[in-house]
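After this come two complexes, each holding chain A, first together with chain B and then together with chain C.
== the complex of A and B ==
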């Protein structure tokens, strides 16, 4: 280091941005190494502190994953996107297996006689399985920590349910559009109300027992009823989704949602 | 609401049953600011009590008031959770998160401020537990002790008025344990800290109040001095194993330390009474309460 130091006049000119280019570069190079000369520079401490804090924040900010980025781009609040993206690995496995199951159901529908029954049986259960794997002890590694936070309970369960329902409904509707007998949009959503009613039923039952168990019971009941009807030789399984039956599914869904809201308010 | 929240922990006749098994049986408790040590054998009901205090588990009977609020009511339970820090036994995480991202996620669940304030809080607690340098490490790459400190950091977020720590020093090395004690003792000036542990040294170093559970019941509730006073005259050292003590063990110098159920005469020739430690007092307490139960 040379014995050269800034004069007060040079420091003043530099601070006032009146130094020529070469002097300014020399001053900056010198200031990097000379603490006494740095004290000659006027400094806004608050501005500096804010600057460092901003820099730290940029360095520390967790990198957003693709799902979180996508949800943010879709207009969700950053916090909501973070909560939805941090779903358990089992949920991600469910998403993958859903694609496989629906693809298998489609193949069956196209190549086997009565093969579309597989889709009829499974489509309403797909979201149910996702709900079972999205929230609760045993399926969510961080549940013990998360379960005693203000967001825990109904709010987090609702968010996680949404994170299951949206992809499930999209996938099932997409698959239904590819079924051999689908000729209209109505044909592609015949399973929707029963599916939502099953999810609402399991959420309601989940108030008393573990959500996974509740979903298992509701799903098993659904499959058992359809299986029994099919074994009895009737073609009725499709009748479960007929327009008249849809009305009853709508009534059941409304009732279950009403009960869920009531439970949420009085819990 | 703030005035209400300055209250602490108050339990009256709290019972918790799992089917036919009673884990908590008529527990009465009053806890103020400071550190309270929760002691008891495995299965004594400590974790059940901690989960009731953490609003993770409902009591099946009795009255629970936390920070002046009733956790059985949804709105009040949420208010309690805003002022609560809980380190559960054997905490688990999302292994693919970084330490910073995990705490950021927990901070969102705790409804802590906007992004900048939240990140400041995450940095603060990471520094407190000595994990700031590992903030970008994925959880699966952290050692057991580091994960324990990460869970502690999660519990500390938001300066909780009620801090519940279930076996917090498991996996910590001696240096980290000292650091943990310093941290908790500083927090306990204003907060109520409940420390459930088998580490009597931690209790001796930190706690102004000790609660001892046995078979779901409170068998002792008081300051460490009162527990020690119960043990005076019942701890002896001398040559050889007299075989009559409630508990005895060989010391490094070849002498034997003996705990006797009653304050009585020496258990053998050459035995002299010695000042009890908190561990002696605890062993006498749980040994006696176990014996009295067996005698019923």
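== the complex of A and C ==
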């Protein structure tokens, strides 16, 4: 536009709300398209710094990932959602090895005679290993810090167990679907109840000893029993997963869960 | 696992002297420093102008805060017209809308937030509005003097501030129909004064 520009005095008057209405309108219309005149507006450094400080407060907050957004959409509280979303990062190595182990089991099942036994042995143990790495001194690098927060203890343990179980169970189900003899949905989930029972057992045992040790004991017991059964010539260790046995697994699981809840209540 | 981590988008280089569109591109790429430069450049005049619309400095500050947060979130939606190196009009549009929703929130907390209206740069004005936007030149100033304060306020809200009739009604606290008639009467009065 032509030569008209604000004088410093006009700018000061305007900023101090001393301009009359018509001048104010002119100034505003001019400021809209004249950047040099805008710089004439007196800037209150203190006010600018304060404004930016509180803006920075919001701007610097980490953006929420898709998992976290999904979880908080599902009705979880913001901090719980963040915790659950962040936990799998702690076990990236475990997640990777789980994929490798399950892939190996699948290959064995497809290539070797009776190779699917390997999957049968492993499927319930995989989530257990994850839980073993979920909580405790020596496993979590930030355990000392985490243990003094109000979240620590049972609550954190259960939250982390859940966040480990979900990917573990999903991976195992996916692998089970790829087994050579999978024909029905039943074949994909036969290991689920034993697996959950093992996890619940190790959590209960973890009340008295270190969680990793507890999971180790429970896992070793499971492998030992299955090994003995298959070595003693029983052709079908899969009998452990038969519908009748599933009933017993279900009873065991609910008993263990009941005990866990009871202990958590009294703790 | 690093493979899966979101690669940081390359932000264009920018500095305290960069033009607004370059800064906004950087902000869209997540550069907080670019937002700081933009804040330093535009907050003072926006504050001064908002102060004429609302006498409560706290509300003005809150509206400004919301404005720059909106910029942080929506910087990608800024599309400069060709040859335009200035985001002043766009920022003003956001700021005045934020002020309106701020005032509204304060007044009726129980009414849900106003439905978001898209931020459009004002400027695609009709011929007579273009004349009005050049107030500082020519005889328009004297013509405006002859208007009553009510008519002037209506013109100011709709033409200068670029508000819709609905928004103007909200900030002036009069019904929408009244805004319309006042704007029409004011324009007729101005035309008369300018052509006679």
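One rule holds in what follows: the second predicted complex is superposed on the first by the 191 of 267 C-alpha atoms of A that agree within 3 Å, B and C clash if a C-alpha of one lies under 4 Å from a C-alpha of the other, contacts with A are read in each partner's own complex, and residues count from 1 in each chain.
Everything that follows uses one rule, which is that contacts are C-beta pairs under 8 Å (C-beta built on N, C-alpha and C of every residue); 3 or more make two chains touch, one makes a residue touch a chain.
Since this is a predicted model, take the numbers as computed values, not measurements.
In the superposed pair of complexes, A:193 makes contact with neither chain B nor chain C.
Of the two partner chains placed by superposition, A:169 touches none, neither chain B nor chain C.
Once the two complexes are overlaid on the shared chain, A:82 sits against chain B while remaining clear of chain C. In the superposed model, A:30 makes contact with chain C only, not with chain B. By the document's definition of touching, neither partner reaches A:179: not chain B, not chain C. By the touch criterion stated above, A:256 is placed in contact with neither chain B nor chain C.
Once chain A of one complex is fitted onto chain A of the other, the partner contacts of A:125 are absent, as it touches neither chain B nor chain C. After overlaying the two complexes on the shared chain, residue contacts for A:56 are found with chain B and with chain C alike. In the superposed model, A:43 lies in contact with chain C only, and not with chain B.
Once the two complexes are overlaid on chain A, the chain A residues touched by chain B in the first and by chain C in the second are 56, 60.
Remark: chain A residues 53, 56-57, 60-63, 78-79, 82-83, 86, 88-89, 141-142, 144-154, 156, 264-267 touch chain B in the complex.
The touching residues of chain B, counted against chain A in their complex, run 54-56, 74, 77-78, 81-82, 84, 86, 88, 91-98, 100-102, 104-106, 108-111, 115-116, 119-120, 122-123, 135, 151, 154. Contact residues of chain A toward chain C in the complex are 1-2, 4, 14-15, 17, 21-22, 24-33, 35, 38-39, 41-44, 47-48, 51-52, 54-56, 58-60, 92, 96.
Residues 1, 32, 35-36, 39-45, 47-49, 51-52, 61, 64-65, 68-69, 72, 86, 88-89, 92, 132-137, 141, 144-145, 149, 152, 156, 160 of chain C touch chain A in their complex.
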